[in-house]
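Shared chain: chain A. Partners: chain B in the first complex, chain C in the second.
Moving on, here comes the complex of A and B:
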């Protein structure tokens, strides 16, 4: 029974991997351009540190900041694979293909989850590991030698789950609006900001930083990076990981509740 | 004479398309508000980022906070204009070629590129444009820059040619759809490089600076002309060069597009 259930979702995961391998040209361009992106942010920070009188800004030295932006990028590849989940749901709703998914005797949420998991595996082999090695070679990050690295991987996976639950919950709003693209864009901006992608949260005044850390967005990105950089003490790590789990559960429940009410008002045009 | 007639016809056609599209857009004013809001938010957070950085440093490579706000705001304006007029290129690169919809453009006795561009316009671009204007005016007041008729005329010229550079870049990348079916990724990544010209080019190393000035000349849509208004560069090294670059770039992009049109094979059998 159990095995059968896993079996029926594996094709969805495998298809996502296959799809990501199908466009090799596009893949290569993505690789080059993304590397370029990290370099540009690197230069921005280099200029900032060059203009500063202190060598440490808000608790980050320049090498640490370099590692921060690198890990921010890599963590984004781990957790962010589901970032488009909300958009995928919106597409399914707007072109009506969700109705086919709904008549099937399998869970829509699990389909999306296996697709995301497949995306994560594909990204892992074709992007995250190669990028990780490139960044070590060019000296943006050091070879990870401590327990922090294992904790990082664990925390990043929690971040992935957290992002998935959030993306699923948020994507369900596409049942209620026809203009989801705009909402999604606003949300991705907010996400960037509160997850520490734009700037480490320590740059905010202390009370804001403490508040932002409680938000689910910090659990998606900021927590794993700070663990990797060794910026959190043992006690703080335990607390941060627990917070991640709490958010996963809360967002999962929120998605479940919204799903049962959203599904009742789904309108699809045409036959 | 013929030329003027042709222009008139195209302008008339544009009006018809624009009015039609606006009617569909106005059906939902909420959509407009949401699009506007999200762009506004995006730009504002960028300013918050600069503000947080300037809490830590007195200046960035010699540029003050308000100078950076000016550059940042300026960068939004050509981008917003382009966004308003040429948004359909995104759909073109994703769907039109792949699904064989390009056929109908070739059947009508109007320039195919013109048809692609007029089919849709994006009111979200107005949001970018307004935010950019607000930031530029805000910075201008704080920097107590002199506003002359001359500087206003050059400002208008430089943003128009800046928008032309955006159009050329998008066209060049979107045209790849003729060869790869779906060039969305390439277009997306190329377009996103525009995020980086909202800061002074001096912070980057030489190869990147060169790339952003002459290979993917987005530098001319933001920092380079903005530095003229900030009084750190001469007119000739900024806006005049911008005009030349824009014209050449557009010429190349349009040629490539025409080449792509000839290579187009419809979908199906």
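Moving on, here comes the complex of A and C:
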């Protein structure tokens, strides 16, 4: 019975994978353009380190910084796949197709979750693993220590869950406003800033860094990267992982509560 | 016969921000926060018996689809209640969804990029239909709708007639007790329309399925429905058997008259 229940969501996951490859041109262009950004940022930091008197800036040597931006990119592929979840919900609402999901005896949240998971699997095989190997070959990252690597994968998956719960929660605001796109733009800037995507959080004054680390955004991206780089001690790792789990639970609950009120506000657009 | 669907004083209001026309109006709208409340469904009550085919008629924007969406559990009523097989749909959406089939004529519920048959297998999984039942259903559906010819084509390549047939078929896979058809014959040619009507009749005869049909095609109504509910401006203005309505003359004329009357009434209300 339980297996059956899971089974009925697998088509949604498979569908996402199929769809992501249906448009080959877009698939490769995204790939190349993402790779390109990594190199741009790499050369930017190269220039910064080249003109600096210190070889270590804010605790990062240049090779470490290279590893940071590389892992930031790869982690983004793991956790960020659901970054568009909010936008997907907004699309479902704005074209009214959410009504079709709602007349079926399945949970909307689980549909979206399966789709995200499908996206993650697709990304894993076609982007994350190949890129990981390429970056090791060209020397941007070293082969990681096994324990750190396992902890990294675990933490990155928690980051994925955290991002999903957040995306679902945030996406529900599209039930209240018809112009969600602007909201989403603003949120993605905030996300980039606080998740350490733009620059490592250690570049901020210490009290700010400590505060930012408590935010859910750090749990989505910064924590796994720092674990991979071996920048956190054993105790810090345990603390950081626990914080990730706390955020997942809180955001899950927030999404659940908001859902029950948002569904009452739902207006089906387009007849 | 027993009551399968009942609505008691259903009300659905939508709130929108007041918008003013023109560029100046747009700017003005930015700074005002006036809400307009529109009553799409206004104090609607009715009851539907098991095995009936109900024609739910109304002009565009009369509140038909909104009512259907409340009965399917997608929309939560502002006031009032409704029950479908003893369940309040919006309070127990998933439980209700197991017993109903829905076709929204203007949008497909099939997966756009997948072959028709694959959509069916997905739905089989969602509704947990056993292999045996599924096979039987598919045979029946094939008989009445003729899906076989295009079951392996991707949905996006189907013609409107084929797509609509596939859509209706997809709503029948789990043998729902109640079937909501929101304009199932919209944009179809005469032959396909006939086929669709035959299918609906067949379904009702063989499985005693209760069907609620909204349509603008009066022939649909005359050929299929025994119970007619007419809604205008969110209010029910007629709720009786088809024969009662037919006694007053030609169906199209009657309905036209009712709609026009409704419009002048609402215009008067506005000027007041």
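We adopt the following convention: the second predicted complex is superposed on the first by the 270 of 271 C-alpha atoms of A that agree within 3 Å, B and C clash if a C-alpha of one lies under 4 Å from a C-alpha of the other, contacts with A are read in each partner's own complex, and residues count from 1 in each chain.
The rule is short, and it goes like this: contacts are C-beta pairs under 8 Å (C-beta built on N, C-alpha and C of every residue); 3 or more make two chains touch, one makes a residue touch a chain.
If you're wondering where the values come from, they're calculated on a predicted model, not measured in any experiment.
Contacts of A:210 after superposition: neither chain B nor chain C is touched. By the touch criterion defined above, A:107 reaches chain C but does not reach chain B.
The wider contact with chain A, measured as residues touched, comes from B rather than the other of chain B and chain C.
When the two complexes are overlaid on their common chain A, residue A:256 makes contact with neither chain B nor chain C.
Contact with neither chain B nor chain C is seen for A:142 once the two complexes are overlaid on the shared chain.
Touch criterion met: A:182 reaches chain B, while chain C stays clear of it. When the shared chain is aligned, chain C comes close enough to touch A:18, but chain B does not. Of the two partner chains placed by superposition, only chain C is touched by A:264; chain B is not. Contact residues of chain B toward chain A in the complex are 28, 30-31, 34-35, 37-39, 41-42, 45, 48-49, 52-53, 55-61, 124, 180, 182, 185-186, 189-190, 192-193, 195-196, 199, 202-205, 208. Across the interface of their complex, chain C is touched by residues 4, 7-8, 10-11, 15, 18-19, 22, 96-97, 99-100, 102-107, 263-264, 266-268, 270-271 of chain A. Against chain B, in their complex, chain A makes its touches with residues 23, 25-26, 29-30, 33-34, 36-37, 39-40, 43-44, 46-48, 50-54, 57-58, 177-179, 181-183, 185-186, 189-190, 192-193, 198-199, 203-204. For chain C in complex with chain A, the touching residues are 14, 65, 69, 72-76, 93-95, 97-98, 100, 102, 104, 106-107, 109, 111, 113-114, 121-123, 125-128.
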